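Look for subunit A in each of the two complexes below; its partner is subunit B in the first and subunit C in the second.
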Partner chain A sequence: MVIEITDVIISGLINGSVYALMAVGLTLIYGVSKAFNFAYGSFYSLGGYIAFLLFGLSFINNYFLVFVLAVPILLVFGFFVEKTLVAPLRKRDDWEIKVMMITLGLALFLDNSFQVIFGSRMKSLPPFLEGGFEAGDFYLSHQDVGIFFLSIGGILLFRWFLNNTRTGMSVRAVAQNPAGAQIVGIPKEFVFAATFAISTVMVGMGGILLAQKYFITPMGGWDILVKAWVITAFGGMGSIRGGLYAAFIVGMLEAFVGWYFGMTWTLIVLFAVLLTTLAVRPQGLLGKWG
Partner chain B sequence: MDHKRITFLLALIWTIVAVLPLFFGGTNFIMHILIMCLIWSVVASCWDLIMGFAGIFSFGQVAFFVMGAYASAIISAQFSIPPIFAVFVAGGITAAIGILVGLPCLKLKGAYIALVTFAVHMILEPVLKGDIGRAMGTGGSRGLLTIEPMHIFGYTFTTASPVPYFYLMLLVAVLCSVIILVVIKSHWGTAFLALKDSQEFATCLGVSAFKYKLRVFALTSFLTGMMGGFYAHYVGMLSTRMLGIDLFVTLMVILVIGGVGKFPGAIIGAFITIAVNELLSPLGPYRPITMGAMVVILVLVLPDGIVGLFERLFSKKQHGMTH
Partner chain C sequence: MIELVDVNACYQDFHVLKNVSLAVKKGQIVVMLGPNGHGKSTVLKSICGLVEKVSGLIRFEGETITGLGSEKLVGMGITYIAENRELFPQMSVLENLKLGAYSRSARAFEKENLEKVFDLFPRLRDRQSQLAATMSGGEARMLAIARGLMSNARFLAIDEPSLGLQPNLRDEVAKIIKQINGQGITLLVVEQNIPQITELADTLYVLEEGSISFEGSKEDARGNDHLKEIFLGM
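Right, the complex of A and B next:
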């Protein structure tokens, strides 16, 4: 019993850490540019498939190389998508709904392309680390520990980037006041594209990390989109710290509900908690209206 | 667009549609597609009403449709109510659920509303498939396979001869489009316009956001649920597969092609989209890819849809004449 509960807590913590990485990415785009990206889940699958393809290359045999190659690919992809698809819509007054529509179209396009290219069979990635810690019945794999620290490291790196680099500070400035940021000479358009690219990297990384534990499927991203969305709304859209707390709460909740009631209930319970939270605090845990 | 031009466009569309069976009446396959076009034109118009005119990002339209379909099928089977009444009861049930969903949404903004309504969509599948759904008679993951066909005054509509059902659906679609037109052009429509432009200012002028938004939730979910019922009694079987992303995107394509907030556009969009979707079916797995690419390109090239394109051409011509 005790060991079972510890297992559940650990799985909640690990999933929570990866969810945090992905939710922070989603909340970032929303906080900075007020755009909602429906293709976010497909970017998750894209990350997984890129890693899968990279492992198919003969000279790649470890995750370090995969990360080194996947990050620039995702970065360029995200930048390109923002510049060609989202940026032209920004001039319109009903652009929010148009962005939702165009990203939904993109999601459909990407998901079904994955289906045609890779087939609907599940793809798996080799584990990131072998072995594990053992103490009696208790077992903790090195892979889980690695995933946890990589996600947390990713978030800390992102925090450092926001607080200490010039680009990061301009991202924060645009989030606070786009017009004001433009007046003091911050290239708003570039910041929008850069945040989109960074969020693509974050969710793509989440895809690479989680694909080792679960599998990559063409439609698997929808589940992730909904979870990241629930977490951002729960924590408050645009609030990174709120998203962080919410991700761990959701990860724990999911692990415990899945263990106690069965996996089919997790989504229902998640939405019930979300609705109750939003009924009491419409702006989410730490969100501000705006 | 002023209401005269919308009325004219509506009359034109429905007249053209009404004479189509003269040419295709013999081909059941094409009549079936036309019936689907009529059903989706109403659902898409409702979505346009709530999203394009009222400015509420509701993503639960497919969920309401499926709820209506299941509700009508279950009611007609378990309480032996004739389908023609069951359809309206189902509409009432979905309207009640619509109000329930609408209540928390009134406090929320933009993407939050999209999430809550999409959540209804996401929860519906496990609920219908799970124990709760099976207790209500949804048939679990197998779905409902024998739904009573629609009958009025002893006449039974069958899929074998779809022309009568086509005219029934045409009548329903015409009525629904008239209702939507009246709503858009009455003080409701004006209230929505005011609320969309500036909610604070409109509320100060005495426009109750609460009342109007809840009403639009009730109306659109009623009509959508009703159409779900008509769909169920026509097709004769239901499964949760309708809740997949395909149908959702098809509806969205309809709105993109027709133009968001350009009312008769959704109806034109429905006919074009469903027809193109059928034409693309030989592409097999490449069909959804093409649909996705089409959405992306159309949003970029034709941001206001076909109606927007016509409006632009028309106003340019007028502009040219005055000079």
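Right, the complex of A and C next:
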């Protein structure tokens, strides 16, 4: 029993850490550009498929190379999507709704492309670390530890970027006051595209990390989109710290509900918790009005 | 230094500026008056690249700058200081000032300008780590002006510095504007609640319904009955 509960807690922590990475990305786009990206889940699958393709290349045999190659691919892809699909809409009336529609279209296009190219059968990635720690019945795989630290490391790196680099400062400036940012000469359009690209890397990396445990499927991103959205709304739209807390709460809830009631109950419980939270605090855990 | 010839500006379908022409010479303080909502801010924003639909001719030191965005113009030395301040609320005073020096050309002078700004506004030096959101109206106004100075601008467009300011601080604002001008910075100021600023003006313009209705010196303005009617107490 104790061992079982420890396993559940560990599973909650590890999933929570990856969710946190992905939710921070989603809340980043919303916080900076007030745009909602419906294709976010498909970018998760894209990350997994990119890693799958890279492992198919003969000279790639470790995750280090996969990360080194996948990050720039995702970065360029995200930048390109923002510039070609999202940015042209921003000048129009009701652009927020139009961005939702076009990213929804992109999600369907990507998912169906995955199906055509890779087939509907699940793909798996090799674990990036073998072995584990053992103590009696207790077992903790190196892979899980690695996933946890990579996700947390990604979030810390991102936080460092926001607080200590000039580009990071301009991202915060645009999020806090777009008009003020324009006045001091920050190229707003570039910041929008850069944040979109960074968030694409975050969710794509999440895809690579989780695909080792849960497989890659063409439609697998929807589950992630829903969870990242629940976490973002739960934590407070645009609040990074709120998103972090919410991600771990959701990871834990999911693990405990899955273990006690069965996996089919997890989404139901998640939404019940979200709705209750929003009924009491419509702005989410740490969100602000407006 | 700045020259506008037949400038028109629109917000969506609303035609705000109609054939506005004006000139600000190097080292001058030019003050623009006029009723609220008649386009004074739009003149400043059009010069500083903050209005999307602008046509006509805007020149800065002989170079045509019509249609250039603020990210280019700030680097050239043209900066707007907003009437509603437009600070970054969740950032410290120091971060706000550093962002004022965002443009490439200002970065090299960041330290130097920071000292200048702190000499001009000693209170900001003491409050470097305070969040902008927690400052009083007067302090926030000082910070907005200071942030504008950090851009190393040679031309500043200052929009209603008296807005939201206690009356006893108006003298101070006028003094600061004089000091800024003394550092060799050319100024175009929209302000009509501070007579001391009007007194500093080399040239006055009046903007009514999107068009310039008066151009001249303070003395000309005093002799103009129509102006007396609009701006009592001048």
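Everything below uses one rule, namely that the second predicted complex is superposed on the first by the 290 of 290 C-alpha atoms of A that agree within 3 Å, B and C clash if a C-alpha of one lies under 4 Å from a C-alpha of the other, contacts with A are read in each partner's own complex, and residues count from 1 in each chain.
We take it that a residue touches a chain if its C-beta (ideal position, glycine included) is under 8 Å from a C-beta of that chain, and two chains touch if they have at least 3 such contacts.
Everything quoted here is computed from the prediction, not taken from an experiment.
Once the complexes are laid over each other on subunit A, subunit B and subunit C both fit without any clash.
For the three-chain arrangement built by superposition, the Cα-centre angle with subunit A at its corner and subunit B and subunit C at its ends equals 90°, in steps of 10.
Once the two complexes are overlaid on the shared chain, A:183 sits against subunit C while remaining clear of subunit B. In the superposed model, A:169 makes contact with subunit C only, not with subunit B. Once the two structures are superposed, subunit B and subunit C can be ranked by residues of subunit A touched, with B on top.
In the superposed pair of complexes, A:264 makes contact with subunit B only, with no contact to subunit C.
Superposition on chain A places subunit B within reach of subunit C only down to 15 Å, the least C-alpha distance between them. Taken together, the two complexes place no residue of subunit A in contact with both subunit B and subunit C. Residues 30, 34, 36, 85, 88-89, 92, 94, 96-98, 100-102, 104-113, 115-116, 219, 222, 226, 229-230, 233, 237, 264-265, 267-268, 271, 274-275, 278-279, 282, 289 of subunit A are the ones that touch subunit B when the two sit in their complex. Within the complex formed with subunit A, the subunit C residues making contact are 48, 50, 69-71, 73-75, 79-82, 86-91, 95, 98-100, 102-103, 147, 151.
Here subunit A touches subunit C in the complex through residues 166, 169-170, 172-173, 176-177, 179-188, going by the rule given at the top. Within the complex formed with subunit A, the residues of subunit B that make contact are 51, 57, 104, 107-112, 114-116, 118-119, 122-123, 126-127, 130, 245, 249, 252-253, 255-256, 260-261, 285-286, 288-289, 291-296, 299-300, 303.
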